[in-house]
Amino acid sequence: MKRIGMLTSGGDCQALNAAMRGVVKSLVNSKEDVEIYGFLNGYKGLIYGDFKMLTGRDFAGILTVGGTILGSSRTPFKTIKDPDENGLDKVEAMKQNYYKLRLDCIVILGGNGTHKTANLLRQEGLNIITLPKTIDNDLYGTDMTFGFQSAVDIATECIDCIHTTAASHSRVFIVEVMGHKVGYLTLNAGMAGGADIILIPEIPYDMDKIVEAIRQREANGSRFTIIAVAEGAISKEDAKLSKKEFAKKREKLSHPSVSYEVAAGIQERTGQEVRVTVPGHTQRGGSPCPYDRVFASRLGAEAGKLILEGEYGFMVGYRNREIVKVPLEDVAGKLKMLDPNATIIQEAKMLGISFGD
Amino acid sequence: MKRIGMLTSGGDCQALNAAMRGVVKSLVNSKEDVEIYGFLNGYKGLIYGDFKMLTGRDFAGILTVGGTILGSSRTPFKTIKDPDENGLDKVEAMKQNYYKLRLDCIVILGGNGTHKTANLLRQEGLNIITLPKTIDNDLYGTDMTFGFQSAVDIATECIDCIHTTAASHSRVFIVEVMGHKVGYLTLNAGMAGGADIILIPEIPYDMDKIVEAIRQREANGSRFTIIAVAEGAISKEDAKLSKKEFAKKREKLSHPSVSYEVAAGIQERTGQEVRVTVPGHTQRGGSPCPYDRVFASRLGAEAGKLILEGEYGFMVGYRNREIVKVPLEDVAGKLKMLDPNATIIQEAKMLGISFGD
Amino acid sequence: MKRIGMLTSGGDCQALNAAMRGVVKSLVNSKEDVEIYGFLNGYKGLIYGDFKMLTGRDFAGILTVGGTILGSSRTPFKTIKDPDENGLDKVEAMKQNYYKLRLDCIVILGGNGTHKTANLLRQEGLNIITLPKTIDNDLYGTDMTFGFQSAVDIATECIDCIHTTAASHSRVFIVEVMGHKVGYLTLNAGMAGGADIILIPEIPYDMDKIVEAIRQREANGSRFTIIAVAEGAISKEDAKLSKKEFAKKREKLSHPSVSYEVAAGIQERTGQEVRVTVPGHTQRGGSPCPYDRVFASRLGAEAGKLILEGEYGFMVGYRNREIVKVPLEDVAGKLKMLDPNATIIQEAKMLGISFGD
Amino acid sequence: MKRIGMLTSGGDCQALNAAMRGVVKSLVNSKEDVEIYGFLNGYKGLIYGDFKMLTGRDFAGILTVGGTILGSSRTPFKTIKDPDENGLDKVEAMKQNYYKLRLDCIVILGGNGTHKTANLLRQEGLNIITLPKTIDNDLYGTDMTFGFQSAVDIATECIDCIHTTAASHSRVFIVEVMGHKVGYLTLNAGMAGGADIILIPEIPYDMDKIVEAIRQREANGSRFTIIAVAEGAISKEDAKLSKKEFAKKREKLSHPSVSYEVAAGIQERTGQEVRVTVPGHTQRGGSPCPYDRVFASRLGAEAGKLILEGEYGFMVGYRNREIVKVPLEDVAGKLKMLDPNATIIQEAKMLGISFGD
């Protein structure tokens, strides 16, 4: 008999349900008896003992459904060790609930923040298995995270739509793509959507180079330019600032995001009309793409296998086309970023894409 | 022999190419010899004699392609009678180009603004046929415009994506839908996406009623609320202001659009986190949906028929499931709005949708 | 207090759930107390008393979900008056279950066959409201049925996919579209997908004319031809046969459907390679398109209204852009077909589409 | 100055245009002068000197367009050394056209058959670069081929549609997926679509096991079963036959494909109604998915790089997330198949999927 807890934490994304279904199906199809405790709304459910018991039937038919049937919330690692507003020790509370339910393991699905807390719980002695969930693909220790390809698909579709309008109106169009502090999502959606300029955090941009690229296109007879801007893109000058100085500078700006800053810069220098589109949270939603469904199901199945074998303290990741177990201490607190000299960046440049550098 | 001019004006939308293909195919398939002059970038092309000659072959394969192969631009009716920066009389210039090319007719595809200028040209003696293009569906004299259903599809997909995220995070989500000063697009996308609250210009909203609807949902156990807000939505107080007072008030606000105003109001009154998503120009782009392809092709074919019969001065419209010709003077300068007591609004209310009234 | 039965019968289609949700939401949002009895698997559930009680909550979140939460089955009208294999009088059994549960009304969602039985039950004294469900759009008394536009979308997407392959390989491609004995679905998908030839039951085809159209395209430099064939398409010779003779002839053929017959005919006469694609049941499935979601929701809401007003014996239909109630006796046993001289057919011909006539 | 030939051969697939665009963009963006000769309709164009000269402009806007702007055809390797019907030596003719145009290299996009001929041309002394094109993903020497993921997406969408119908009608549904003699496409689409049973060539099936799996589902309360059958799936008995015996046996069968054989077997043993859907060529068509657009663009860019460096005789492939060059002699004549014991197969089994073995 295995008693398994499960929770989804952080911003939701596609294929969370597919991954959980994978875990549960692989357990239910084994010879082991299993009890599943689904904690609601991320770590909150574990802290406050808010859960429901689930059976295999609860996970039927959710392979294709976006979001998470357990609900999610952001529970910042920074304050996880602080008592809550009623003085409750949150870490202690999670441990107590774990022991009270006599759990064998908790399966935690989340991104970078989630993994810090997951590793803390592991250090506190709990059995933890994690699954790499994020549309940003910025988790250390795995080549790929689920949610990423689905988000690429949505952001690309958005660029596709903008393309026809941009071409009809001879305008510069900016599409702001999610991705937090890394550029994977923007780079892939930008390349897939045929963006002419791609701005990512890993390659700080120079406004002059952007304008140069636009002018070059005009000189070649192209009547419009599409720019994919990562929400975390940053200018060369800003990249030199300290975190504090940068935050201060941003505060003073009226622009709601970096895309509007880039737009203003281009408009100022070229006189051209620039339009900004921000697909925002749509990039996290909807049915997972087939790639993510297969990928998340596979990760889930392997998590089930680890549980059956009693191997804990790992994230189930993906490296060199193999599904691998990665020690949680190797994942937590690290950020996977794009190498500015990565082959894919060089290839994008060969294709004529400017990175504003 | 018929010599036909053609131009697309105003914001682009889906199925412009499909409509033009319809006109040209029906002319080319007739026994009449035809020459097609495509004016580039809307009325600008007609004013400055910027055109290219086109054959049936130029219109092959564009049925499914968004945007317009002729390019478009906004040429405000307000200033159409003013000379341009070089002192050119724009109306006179259009007439001269028309006569110089010995055109039998110009086919003009556009929305409300476009139709004002088209009617002016008709009054000036030119032969004009127009086609009703707008994602807003606000053209007088026709039940439907092409672009509308495609935009509904995109806005709905956006709400679908937001739905999974909203449900996972127990939040209030606002999706701002286009539609200019009318609510058709928001109403249809909102109903198709299962929005709980829909705010449209035709029904000024009361913030208290919105908050009441959110609280009612909470009381019924629903953990999230989706609000579809038309870009032209307006509060009851603002609806009482004069145009000038309203413009002044808006200027002072830091909110980039009404959605953010609604979001701030909800946040203030309920303390709930509210997220705004603005799909923006994506609603105009991408491949037209099958409905629009068929509809625009049919309108185009009928425009071709009118040309062959030498019947000018009409918009080809759609009424009671029949394609009809509507005198341009009956279309120009009028706005088709939703009746706040329309059956569809009553039905939406029966379904439990709040309009904040 | 209202006690309402509900069932879905015949081939399933998109927006069945949306329509039922509309009925239930409008009832639940009224001041009336309501009990909903969902009969399972079509008339079978009513015959054998197989039902479950449902609340508003069962209909939450199903607006976008294809299929029917009640299940469906085909219960042929021909044999409805015959006893079942255990000697049960089916009509009597349905009446008894209706009275035993003290129902005020049964809401029946279905197509042509379903309406015959629904009308029979009305004649037997039961209170019936029906909703027009079919991808074929062949129901008498309504301009539109739900499921139709969603099926058009899927069939069109299929033709779109085939288009790129056909163009790359210079081949003749046939896409067989559903639609039972009428051509609405094929005509609309064919026009939307840019088919060159469209074969529908209402216009029997002549193989020589089809070959002529293909040759004409070749002469004009087109390297491929796309043919949309309705599953009910018929040749001029076969159209002259009696029903019996036709059935006999078909039996002898090795071709699984008319598309293969057309393909063989073209191959024989032109030597060209012809490929047949049959999307089949995919046309009934998947999430309903936004048009169908809105349309089915509206019909459902109006059905709820009729129930609250105690008006029974009607199909809720759609005519001239108005939602109307149509007496069941005017619907049952009739087939709505395309008029071969309908405006849309003429327009399709103006666009250069051949109907093989 | 580089003079480059280019051709696409074999069944078309998504992202052929994207790949060619990648090659041409990377060449045009280099400092080298380049002339591009596009041979039409596969090897035929090279044999008969049927080509057109292309510039960078011809490749603009085709990133998202399915099919191939060069056209394709199947030119069987078996007969490539035989003279054509006019006695022309085809291999010699290709060489002569190569030398006549003073080409530096031919870029050949194709699958298994194409690579055999490409390698032959290399042996004959021509400079060849190939790109791995096939929806089957069965090319040796590369982990991935372009077209594959797009085909997975389409086949999955098809299974998604069938799912709602199957669930509504309590039926067994078979979806026949392409993939030639290997199971990658079926396995991935099957897993993504939530198929209950997956039949692939690499794991011959046992009808008894299939029936057992269906009965097991019924016993667990599932009212329907979805089976994804690869077009190359084979029964255990048939797998024992020689190629000749197998061909003979198939000839005698009236079933158009293995799916119908499986369907008949299930119907016979269980009495259940089984429906077969064959999406067919739609799996090759339509706009490439974002994954394939990025992947094909990258491969194309790297092909351009090899050309600029004068490195010939390679296929540009993908191994362990790196783009690599694979000697043509290592690719030609080999088939990449799924290992029946591959991790992904084991994971699929953990998820409860039956392979009928």
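When the chains are written out, they are named A, B, C and D in that same order, and each has its own residue count from 1.
Convention: a residue touches a chain if its C-beta (ideal position, glycine included) is under 8 Å from a C-beta of that chain, and two chains touch if they have at least 3 such contacts.
The structure presented is a predicted model; accordingly, all values stated were derived computationally and were not measured.
K.L.:
Can you name the chains that touch chain C as well as chain D?
P.N.:
Of all the chains present, none is in contact with both chain C and chain D.
K.L.:
Counting hops between chains that touch, how far apart are chain A and chain C?
P.N.:
Minimum number of steps from chain A to chain C: 2.
K.L.:
Same or different: at the chain A/chain B interface, is the fraction of residue numbers used by both copies above or below half?
P.N.:
On the two sides of the chain B and chain A interface, the residue numbers are mostly the same, over half being shared.
K.L.:
For chain A and chain D, let me know how many angstrom lie between their CA-based centres, rounded off.
P.N.:
The computed centroid separation for chain A versus chain D comes out at 31 Å.
K.L.:
Measuring from the mean C-alpha position of chain A to the mean C-alpha position of chain B, what distance in angstrom results?
P.N.:
35
K.L.:
Please tell me the distance, in whole Å, between the geometric centres of chain B and chain D computed from their C-alpha atoms.
P.N.:
42
K.L.:
Specify, in ascending order, the residues of chain C that touch 2 or more different other chains.
P.N.:
160
K.L.:
Thinking of each chain as a vertex joined to the chains it touches, would you call that graph a line, ring, star, complete, or other?
P.N.:
Contact map by chain: ring.
K.L.:
With touch defined as at the top, which chains are paired up in contact here?
P.N.:
A-B, A-D, B-C, C-D
K.L.:
Please output the residues of chain C touching chain D within their complex, sorted ascending.
P.N.:
By the definition above, chain C touches chain D via 8, 11-12, 14, 16, 41, 65-68, 71-73, 154, 157-158, 160-165, 167-170, 173, 223, 254, 256, 275-286.
K.L.:
Which residues, counting only chain D, touch chain A once they are in their complex?
P.N.:
Per the stated touch rule, the residues are 22, 25-26, 28-30, 63-64, 143, 149, 152-153, 156, 160, 188-189, 191-194, 289-291, 293-294, 297-298, 301-302, 304-305, 320-323, 343-344, 347-348, 350-352.
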